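The structure follows.
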Amino acid sequence: SVSPGVLPLCCRPPAWDRAPRPPPSPPQPPGLPLAPCRSFSNNKIQVELDESSGVAMMKFKSPPVNSLSLEFLTEFSISLEKLENNRACRGVIITSTLPKIFSSGLDITEMCGKSVEHYTEFWRAVQEMWLRLYGSNMVTVAAVNGSSPAGGCLVAMSCDYRIMAENPKFSIGLNEAQLGIVAPFWFKDTFVNVVGHRIAERSLQLGSLHPAPEAHKLGLVDELVPEEKLMEKAAAVMAQWLALPDHARQLTKSMMRKAVLDRLVAHREEDIKNFVTFVSKESIQKSLRMYMEMLKKRKS
Amino acid sequence: SVSPGVLPLCCRPPAWDRAPRPPPSPPQPPGLPLAPCRSFSNNKIQVELDESSGVAMMKFKSPPVNSLSLEFLTEFSISLEKLENNRACRGVIITSTLPKIFSSGLDITEMCGKSVEHYTEFWRAVQEMWLRLYGSNMVTVAAVNGSSPAGGCLVAMSCDYRIMAENPKFSIGLNEAQLGIVAPFWFKDTFVNVVGHRIAERSLQLGSLHPAPEAHKLGLVDELVPEEKLMEKAAAVMAQWLALPDHARQLTKSMMRKAVLDRLVAHREEDIKNFVTFVSKESIQKSLRMYMEMLKKRKS
Amino acid sequence: SVSPGVLPLCCRPPAWDRAPRPPPSPPQPPGLPLAPCRSFSNNKIQVELDESSGVAMMKFKSPPVNSLSLEFLTEFSISLEKLENNRACRGVIITSTLPKIFSSGLDITEMCGKSVEHYTEFWRAVQEMWLRLYGSNMVTVAAVNGSSPAGGCLVAMSCDYRIMAENPKFSIGLNEAQLGIVAPFWFKDTFVNVVGHRIAERSLQLGSLHPAPEAHKLGLVDELVPEEKLMEKAAAVMAQWLALPDHARQLTKSMMRKAVLDRLVAHREEDIKNFVTFVSKESIQKSLRMYMEMLKKRKS
């Protein structure tokens, strides 16, 4: 179970043991994409893989706020799995097509007035998404082009690198405590790995949503750039990470994240049971209904 | 033993599910306190609870330096227990009535020329105080209005938030190594949770007392304010923390601190035995006597 | 296994319980050293102990780049052991006699075209060096007067304090991933203890070599000084650390580092086996041969 001393590179040799890159492809007939590119789009997420660079763009496109519904989470996990199994794909940039919002987090309608079976299925899907993303072998870069509370913050934190639009109106954080609920232990573990124990303790207790500049100062995001430069910067960061031999990078990533991933795997059923018990309580159902009504009123 | 995924709010509903606050109480007859307020004062610590805000003031008033004697520690634990069990109390601000000193830490006279039974009782009281304070369900804010070495630093670090008077003559730190002794492992665990491993390693080995500005830079205190603004700021911070629903905040706090609390609970008797064995040694007794004589000479 | 509450000072009493220092030694006849001083020099490392101050200088002098060969590592461990057992020695300053390089890390020729027995012996020597240095009872200060990649960075990180020449051409870091290999778990543990989880995760995956100013900003080195002031500063820092009573400082250091040291001790044979299996692979042998050829070409 302990990471070995020094490990082999397999997937890709280091820079000094690599054949020169093939020359760029010949010009394509007009109307066709310039680079070989596969894309698949479902209802909630659009995925485009540029096979020449090995980089996939994953765009959340589920109005109004990219909330993580069961359907969204299922698509997300399937998309990650497809890319993970595609040897042509080495990295993913995750962003949103919606203005001002990256993702609003877990969809509360999934937790309200549904059956025990539904709650079970929903929570397993939340876990599945995180296990795939936090444990991905690919380089994952979050291009956070809007606010990103709760589960949205989790998605960003699970990537290898976070770039955020430097708009102080965009905020990010685990604000569960504000809603009277508690972030799951593996949200907390992920948060501590990013910002350290003290900042996590304070931010989680206050349910803080940090404006982009503050999030950067705390280390919750790695870099701020003007919104119009976000995708360009994400591509540059991705290129920097892809310059490393895949296998060594993957094993290093696994060495850093394994303890926290293993902890959820070991307590997965217990974690589901806790969630279902909680959410099935009448008091909680009432609170969630009132919260949703408040959201509706705000909108109108 | 693992924190559950999402947990119920019980004690207090979130902001959107809460009855409007009752109107302010009618004016009181002159001479009576304006707000309903219970206070109890013992020899060493004065406690005033403002039931309208739910905030207690706990003031150390044991001249000359608020040292943590057996009597002080016992009063401290009892006061915390009373407040913890009082549903009207949601938060505590801890400060000192003495000028220039918050608390000087453990009382050395309790470790000198006493019986094994006394050392055992004393050390258990030190543990008890920390278990109650670090594990408190209440919001705890330290208003550090003077120097705070060793055990005094532990008290401050065990709170949820530390505000310090920005006087560079006031210092704070775990300076045990300067006296030739070693901070207990749970002092160290608390320290690491606040400032991280590297800063703790260096500061503990050097037995550093950090002047307020340095303590702030290291993250050992969260904020510096001019001394005359200290209590006002503490009240504002408390109000910010109390704006959160209690139960979610409490469960979040417990999730962050449980591992370190559990570690002392699991090794409590062993820790007492270690302390008693150490302090009973003639060489240590001699050192402590010489140290106390030095302190007396300094005073005169 | 838990560190005790408060522990005795034995080796050396605290400042307030110490006889006045003996007066400085009388002037020596010309041609003799002014202070009593023992030195021993092997092929790769020169060691000079100033018995009056209790401080040893340990100078790496193995051109061209102080690489950590089996012979170097063996000398290093023996030198540390000698000093550790010499009651006159309380601290060690580690530096390099070579311009521009502190140490280039593990010697790749030891991993190439050798027998399984050789790989086993080599890896055990790497472990041994780290266990002695990271677990040393002496105060250890790294005066990093040149670049310090990979194993060189490990040596610096294993000291109590790191001062680096403020030359931006000098860099330091665990760049194993750049070579397609993975830093052993105990390199990683040491790194996390110095810079925290997030910085370690990013830096290890990218195999980053941080220029001195960046290394300082990340906390990888504690201080930057102009190169000509490096030894003077190292002596001043050493004096500051030696002002503390040895025994309390040693127990505190052990309390901070024990978990990570114990982890290698518990998995030592497994770690050796992993290394030998890896390095014995033909694909890895080929990669290492190509890398060495590239280095040769660069030199000429």
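As written, the chains take the letters A, B and C, and residue 1 is the first residue of each chain.
In the analysis below, contacts are C-beta pairs under 8 Å (C-beta built on N, C-alpha and C of every residue); 3 or more make two chains touch, one makes a residue touch a chain.
Here's who's who by UniProt: A, B, C = Enoyl-CoA delta isomerase 1, mitochondrial.
Values in this document were obtained by computation on a predicted structure and should not be read as measured data.
Chains that count as touching both chain B and chain C, per the definition above, are A. Superposition of chain A on chain B using C-alpha atoms only gives a rotation of 120 degrees, nearest 5. Rounded to a whole number, the gap between the C-alpha centres of chain A and chain C is 38 angstrom.
Contacts with at least two other chains are made by residues 196 of chain A. Residues 123, 176-185, 188, 196-198, 200-202, 204-207, 263, 267, 270-272, 274-275, 278-279, 281, 283-284, 286-287, 290-291, 294 of chain C are the ones that touch chain A when the two sit in their complex. Those residues of chain A that touch chain C in the complex are listed here as 2-10, 13-17, 160-161, 192-196, 219, 222, 240-241, 244-245, 247-249, 251-253, 255-257.
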